[in-house]
Structures are given as C-alpha cells and as structure tokens.
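As written, the chains take the letters A, B, C and D, and residue 1 is the first residue of each chain.
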Amino acid sequence: MQFKTMVISNAEVSPGYFRMRLTAPQEFAQAKPGQFVMVRVRDAVDPLLRRPFGIFDLGTFESEYPGAWPQIYFEILYRVVGKGTAMLSTLHHGDHLDILGPLGTGFTPAGPDTETILVGGGVGLAPLYYLAKEVVKSGRIRLFVGGKTQEDILCITEFERLGVETYVATDDGTLGASGLVTEVMERHLKGDVPSKAIFACGPMPMLKAVAEIARREAIPCQVSLEAYMACGMGACLGCVVKGRDHGEHTPDYRCVCKDGPVFDFQELQWV
Amino acid sequence: MQFKTMVISNAEVSPGYFRMRLTAPQEFAQAKPGQFVMVRVRDAVDPLLRRPFGIFDLGTFESEYPGAWPQIYFEILYRVVGKGTAMLSTLHHGDHLDILGPLGTGFTPAGPDTETILVGGGVGLAPLYYLAKEVVKSGRIRLFVGGKTQEDILCITEFERLGVETYVATDDGTLGASGLVTEVMERHLKGDVPSKAIFACGPMPMLKAVAEIARREAIPCQVSLEAYMACGMGACLGCVVKGRDHGEHTPDYRCVCKDGPVFDFQELQWV
Amino acid sequence: MTKPEMSVEIAGFKMRNPVMTASGTFGYGEEFAGYVDLESLGAIITKGLSLKPRAGNPTPRIVETQGGMLNAIGLQNVGIDAFIEKKAPFFRTITTPVIANFFGNTPEEYAEMAERLDRIPEVAAVEVNISCPNVKHGGIVFGTDPKSAYAVVKLVREATVKPVIVKLSPNVTDIVEMAHACVDAEADALSLINTLTGMAIDLNKRKPVLANVTGGLSGPAIKPIALRMVWQVARAVSIPVIGIGGIMTAGDALEFMLAGATAVQIGTANFLEPGTAQTIALGMEQYLVDNGIADIKELIGTLEV
Amino acid sequence: MTKPEMSVEIAGFKMRNPVMTASGTFGYGEEFAGYVDLESLGAIITKGLSLKPRAGNPTPRIVETQGGMLNAIGLQNVGIDAFIEKKAPFFRTITTPVIANFFGNTPEEYAEMAERLDRIPEVAAVEVNISCPNVKHGGIVFGTDPKSAYAVVKLVREATVKPVIVKLSPNVTDIVEMAHACVDAEADALSLINTLTGMAIDLNKRKPVLANVTGGLSGPAIKPIALRMVWQVARAVSIPVIGIGGIMTAGDALEFMLAGATAVQIGTANFLEPGTAQTIALGMEQYLVDNGIADIKELIGTLEV
C-alpha cells in the first residue's frame, strides 16, 4: 500500500532519538508487529531512496471534533544517524510524507502458554513495543533492553505501563546493569523452566549473541534484521542475507524486505 | 556578503506569484536598487545551484518588543516557474534560508531634473519598485508595465501609493491597454519634451523593443538582464552576454552577474 | 481530440506504449503488481538471467549517492531453469510482453542462453547484457571492446529468431563505435545506458561501502550522460534505440524520445515510486493530448540541433 | 594534541594543505576574496588559459541537472598576454601558490603555452588540460587517446621546468591506460576527473538547453565515478594523484585521499558555497584532531580493500 501521511507530532524523546506520529488510512490498521514502512523523506531526489523504519506503535486517534471518524495513526521511533533521519527530525505537525507499507513479514506471536521475551538493542527496540501491545493480554512479557549509555535506552516507561517487566543494561553502567543486554538476559533465563519465545531486534553482534543463547537453550527465537534497502519489495536484491542453506554453489539468499525483516533464527546463517 | 535569513512572510500576491519578506543584517541596507541576491533554496543538493532574485523592496522592520533593535528586511517578488521557486513558495514564517548578496551593479538613478520612466514586463517589475522608492523624492516617475494577462500585473497599488503614475498593458486586454507595453510607452513618450531616463526589466523581446525606442528617441536607458547563473560572482562565466564590441575574433562578453545585471543599453549588442 | 497513438514497434515487436521497466529494477514484474497496473506498461524486462543460478555479490550491495545509487548485486538470479519453472507461468497471466535480459560468462554461454530463451513462448524478445560491470568474467569486457561485442551478438543472433536487443555500457570512450559493432552483428535494437562504474567509501571504516568495492551508478545523476549517448547513437545507427538512465518523469522520457529513442526504460525510479512506469506512460499520453500530437512516433529524434 | 600536519607536496611543490580550487570554478581567485581567506587554501588553479583570448561558446552555457550541472563555457579566457598583465599581479599579493591551467589547439600550441608559463614567476606549476570536452579542435582528442596524450605531455614536459600536472578526462574506457601514457611522458602529477560529457534537453522548445548541445557534467552527481577512477589510477601509478569531482565536504575530500589522492580540487561546490574550499580545509584538520592523526599524509591511499 502507498499513501500520503501527515505528521501529527515529532518529538525528541532522548538526545538524537525522535518519535514521530503519522496519520494512516483505515487499512493500515492490519499492519502486524515487526512490519516496516519505507518513508519518502522529501519531494526531491536528495535523499534519493526511501528510508525503512519499523512500526513502533499503531492506534486510533479520537478526533476532537464530535462526529469525526476516528483516525488511524502509527508511530516510528528513529535515531538521527544521517541525512534522511536528520531531515525527518526537522518536520512539524502538519507536514506531509509519502509512505509505502506495511511491508515485510511480521513477528509470529507465541502461543498463550508461552512467555514472551523481548530483546532490544538501542533503537532496535522500536518494533518490539507494538508487539508487546499485541501480546500483552495473553501472557507474561519480559523486555531486556541494552544500549551504549543511558541516553540509548528509550521508552521504558511505555513498556512498563503495558505491564512488561523491564531489564536494562548499558555498556557504561549509567542505567541498569553494566554490560551487555544478552548477559543480563542469560542470567535471568538460566534455570527458568516455563516455555518461552524470544523476539529480538538490534545490532548484528547482539542478534548473534541472542541466536547463540536461543540455540543453546533451545528457545524459539525470531529476529528482526536491518539491511540497506532500495525497493523494499523484493525487486532490487540489495537487502539480502544468507539463508541457512547458503553456499558458494547453492545460493540461498533471503530478502530482508520481503522474506523478513523478521526471521526464525534457524532460517539464517549466523557465521 | 553571505548571511542566514529568516522568512518573515511569504504570500501569494497573484496566482503563481509570491512576495517574500526576509530578515537581513544591518550592512544589507547599503544594497542598491537593481542589485540581486542568490538564494540557497534548501540545505541539500536538490536543487543544486542558488537561484537569483532581484531586490523588490528593502526597509526597516520596527520590532514589537520595546527596546529591540530595528531589523533590516528585504523582499523578493518571484514567479513560480520550476523546482526552486516551487520549493520557495512552500516556506513559512520562521523558515531559514542562506543568501549571497547584494550582488552585481545597480541602477544609476537619473539626475534631479530628469523624469524616471520605468518599464516592467511581468515579474521583471521586481527590481523597479525599490528603484521607485529611492528616486520618488526627486522627481516624476511613470511606470509602464505589461504582461500576458491581468494576473501577470503585480503590485500596481504599491507603486501608486508611492505616487508613481502607472500605465498597464496586457496582451489579452484583460487589464489596461490591449497590446505590448512598449507600444503604450511609445504613445505616451511621443512628443514629450522634458529630459527622461528609462529603466527597464523584463523578457528579452521587451527589452529589445525598449532599447530600440531609447536609441531612436535618444533617451538614456538602463536595462536589467536575466541569465542562467551558477556562481553570481563573475567566476564561472556562465551568465555572459555580448558586449558592444563583441565579434568572432574580438570577444567582448560581459557577466550579467558582475558587470550587470544592469547595463547601459549602449554597452550591449542587441542583434 | 481523439486518444493519441502511443504504440511503438521495435524489430517487429509491438508495445502499447514506449515505457518499459529496466532489468534488475522491477523484479519479474509480479513484485510490483500491487502498485502498478502491469497492463499499463509497454514491456517488462526481467532481472538478468544466466544458465546456472547465481549467488551474486556479498552485501552491502547498494548505497545511495547524491542523485543516484550504486549497486553491486552481482547478477544474482534464479537461473534459466527456475525462471522457466517459477517465473514464466506468471507471464501467461498478463498481456504485456516480457523481455528476458541475460548474460553469460563466455560467448558460448551467451549463445546457449539465447537458444534456450528462444524456445520459451512467454519471452517476447531478448536483451543481451554485455555491459554489466559487476561480474569478473565476461560482462564488461564484451561491453567495452567492439570486437568482443560483435562476436557475442553474432552468436546470439544466430541462436534465436526472437528480436535481439543489445544493452550497451556507458563506460567507453566511443559509444558509437560499440553501437556500430552491434549493428554489424545484426542486433535488432540497442538499449542504453547500463550503469557507470563508481565507488563509495565509508570514511570511518576506511573501507569501500560496497563489499564488491565498485558498483554501477544509476538514477537521475546519470541522466545527462545517458541522454548524450542516446542522442549520439540514435543519429549514427538506423535500428531502434531504447533510452535508459535516470528517467523519473514523463518529461524525462519524452526528452529521450526527442533525442532519438523509440522507447525508454525506467530503472531506479521504480524504487522511489513503485508506480513510476505507469505514471510516466500516462504523463506522456497527456503531453501528446496537451500539445495536439496524434502519434508519439512523431516525436522520435525530432530534437532541433 | 598538537596541530596536525596538513601540508602535502606534489613534485617538489609544497602546499599548506591539500585543498585546491578547480580550474574554471574559482575565477582567478580574486573574485572569491570576500568569501574565502585565500591564505587558507592549498593552491588556486586558474581558469584554462590559451595563447589567444577565446570567446567561448554562445549562451546558454550552463544548466542544472539532478545533483550536478552541465557547462559549456567553451574555455572563454583572457589569453596569456592579458593574464600576465591583468591577473598575475594579484598573485603577488598572496602567498598561496597559483597553478596555471592551460590548453592548446595543437601539440605545438601546448608547448608554446608551457614555455610562456614557464617564464611567469607567479605561476608555481602548470596543469595541462587535455580533457576539455567543449572545444572542437584539440581538447578531447588528446584526452581520450593515449598516444596523443603522450605526445602533448612530452612536449609540455620539455618546454617547462615547473611541475607538470596533467588533467585527465573521465570519458574513456580505460583511465589507467591514459594515466600510464602521461607517466611515460614524465608528467609530475595527474589530476582527475574533468567533466563527463552530457546533454540536457528543453522539452518544450525541442532543443538542447545548451547552445553547444553537449556540455561537461560536474558536481556531486559524478563523485562516485571520480572516486572510482582516482582509486584505479592511484594504485596504478607512482606519481601523485589529485582527486576532483563532486567534492562538497571535508568528508568527501578525505574519501578521495583514502582512495589515493595526495590533494583534492573543489569545483562546482564553490558556486553553491563560495567558502567551501576553506571550510573543507578546516574540516579536514578537525578530522585529524578528532581521530588523533598527526599528519594528513598518513591517510593517503589507506583504503582497505
């Protein structure tokens, strides 16, 4: 689906991190947690390509005007890293953008008797909030979130408000435990018997560590990946990652945009 | 001079024509009528080059805060013709731009006993208003202004408020006389004895006709030209026009940006 | 005014309008079905095909540059067998002609591919990629040396009765010389340009951004070069020329036709706006209506120089 | 940390930093004095000079394209006599070295120009333009054929003891071959790239925008191509390479140095921001400070491939 959207709000939630709320058409309400959108940042060719962002939240906005239709909105949580995100950060209420999405596969929520373990690294937290919102009714959720420093730990309050148990780790110990989020997670999961499923999003080294834990502890695990993207719809083959069976003469590339961004960790090659 | 400016206002004064007021530093008050500015439309490379605009007005803005310094402002009057002007037209109060200027030569006002004849074609009227403001104290001014249709006739009220006698011609006769502005001007100047000086800005065919009248009637005449510009400061040699002595083996090119945009019509080659 | 005539013909092969989608930028068509009415396009060109499936290059494979992008996909493709089995059936569901873009590692492989494609009824024509800068063997050598180009095209020509379009590389001193070599080898049409070889560097890592080091530059940045080459070639040869390179709007497409192109291909623009090809076809038709032009063919090569 | 070392040397000719302004984009330096501290630059390169004054091409001579611009100035210049008389005196008022860019219609004219420039004390080095695409006679032929390039450079070399920089055209199949020809002719350094030949069309007038039909493409659009060519050439030759093409920021300039450039030239960016060259020199120095690099020369050619 392609649509024009209006910026409802765009606020800096931590230094260099913004949360943007955007209008969406009714059909967008079907978007699944883990799916993403491709945003055309400007009506010009600088920047040229669309920028991909996970869906951080999705909801219905009750209009202040009596009798008005409720308005679907969604949010993205983004970090300013380059040209496109810097431009996004200057937008205001009332500005317009063009969106492709929802794109890609989403997370497949765990069954009712399974505990949901969320693992987020920095802005990789983004797609996990909408997931938490969707599964919170059906069972226990724990969130392990890591970052370099306290400023990289985002929107914890929002998760806690949902009733998610939250564990924080920072490299420099300025918030929560000192060290890697995966270490914290491992400590908490150790000897923990009930059935669980992991949902992770963050930088590659974190995902690798998570996958290793999942493999060792035989916990089902879905990871959401990032990749440089041009099209977002499986046409350019720019965003591929190596699938399980990939080899020199047996190409098994998967498109992050179409086959992902969410993958069962067992579908991928981790070396 | 190069400076950052803030948009004070940006209003559509006729369909497709905008008048934008911008802040300027104190030194900008030295700008002469006929000079121009190069505007960087966006902080990106699309559009790449700066866009040139004449100075339509210049003044001092009395701040509403008691004790605040008076703020120099200037205005540009522009027509939306392409990418850059379309982008300019979307700017609001509070937006920022980067300006080079004032650039180029300005008009040399006529002496005190000389009547000032302004001739403007469409948005070519732009630099004439500031000129009129500067010379209005010292003598009679008549403005001849032409356009395709009534919507191309801009800011007449402003000129009349200054006390300028205004004559309008449109190709389709929807406002003022029907026909070319130069025909109207010629009718009015015919047999008119007192000493005069012509100041003209507009499309090339109009300027040619004006130059022809000036030559025939032996009236001093300054014209303001347009040209594709890259640098605005005499470095790229993109904006040249043929000077009087130009020939195959005697190059006499003049830079519109530096030697102009205002030229004595006798300095140029009109064929 | 009556509806203007938009159809064009290339080597006996007719299209409802001159707007094609460029190889490698439109998947196998299916991917865009939700964004474009595939029936509104002149033709669809497939991703470059080879005899065996190809893995392509490691990632990163793409990076944005100012006004353009570099890609080093490395011709990842499913191979001719999977193409026939999995992709071709979809083509039977649309009436828009499909052109198979392909390449080989050797002249013989090119010939074998042409032969195999010749037997696929869903393929309306073939586009010979002698210009891909991202493969070590073949590709660029055939595309930059007139003699090799002649040899490859000659073999392909003999191997198929389908219309043969040869896609030229812009990474040459003299594009006209290359064009002549292909004409001599009896190509039915030429398409140009493929990407220009470029490079991007990650300053902080002190490494090339692309795993492949260099990649092919496409997008609006290259349009002036493409337009120049199309103009040069169209004046020099008498077979149809298909213009490619940075086309984003109907206006861009029409400029290529003025320069001498009989049709155009839309590449990178599909990524920005998946509906571009359709928008352009409609825009071109509107231009004809607005300017009272009865047939788009009247525009071809009418640039006044 | 102490101030990092920014100076670089090209053929015995020393610059306080590697940032030069490119020929044709900075006038004769004087024009930019109000916007740039000329003493902050590594070197200033003049507009291309010829024996006789040249009128250049008719207008329009420039047009913007996506991420770039086309120019067909046609090497308008005051000629060597007026240069000596009117421009050179200003160069005595600055300590920044001035490099004279020049061209000729014949190899002999190149030699004569080199001889005359050799006698001008204000000229620190010469840059031989064998690559201008906008002149009918000479220019591009010398720049695209290795043998002609060799012949011209050889004559120039014999005619002057000043450092000889040869400026290469990107409009070639094999830039390395061209570079080798110049090295064989004993050039002291190579600068690349000049502009790529392109074209823009005015759809409504059905005419080329430029009076000259084609022009040279410059600006950020061409940076990936320039970077690739600089990298290729710097690996292949042992004389210094000067990187040019679409440099807008200190980061861009540093990328060229990683790719192997000893210095860089800023062209089109001067038009957008007249202070660019100075801003870049400062930004490069800041980068060294931030990254604890003592000497900019440590970066040259350190790209990990």
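To be clear about the criterion, a residue touches a chain if its C-beta (ideal position, glycine included) is under 8 Å from a C-beta of that chain, and two chains touch if they have at least 3 such contacts.
On a predicted model such as this, the values are computed, not experimentally measured, just so you know.
Asker: More C-beta pairs touching across which pair, A-D or A-C?
Answerer: A-C
Asker: Could you please state the distance in Å, as a whole number, between where the Cα atoms of chain A are centred and where those of chain D are centred?
Answerer: It comes to 47 Å between the two C-alpha centres.
Asker: Using CA atom averages as chain centres, what separation in Å is found between chain B and chain D?
Answerer: The answer is 36 Å.
Asker: Identify all positions of chain A at which a residue touches two or more other chains, and write them in rising order.
Answerer: 45-47
Asker: In chain D, what residues contact two or more other chains?
Answerer: 65-68, 219-220, 248
Asker: Chain contact graph: line, ring, star, complete or other?
Answerer: Complete.
Asker: Applying the document's contact rule, which stretches of chain C touch chain B when the two form their complex?
Answerer: 66-67
Asker: Touching chain D in the complex: which residues of chain C?
Answerer: Listed in rising order, the residues of chain C that touch chain D are 65-68, 70, 144, 171-174, 196-201, 203, 205-208, 213-215, 217, 219-225, 227-228, 231, 246, 248, 251, 254-255, 258-259, 302-305.
Asker: Please name which positions on chain D make contact with chain B in the complex.
Answerer: 24-27, 31-32, 34-35, 47, 53-56, 59-69, 71, 73, 76, 219-220, 248, 268, 270-275
Asker: Can you name the residues of chain A that touch chain C in the complex?
Answerer: 1-2, 40, 45-50, 100, 227-241, 246, 248, 251, 253, 258
Asker: Which residues of chain A touch chain D in the complex?
Answerer: 45-46
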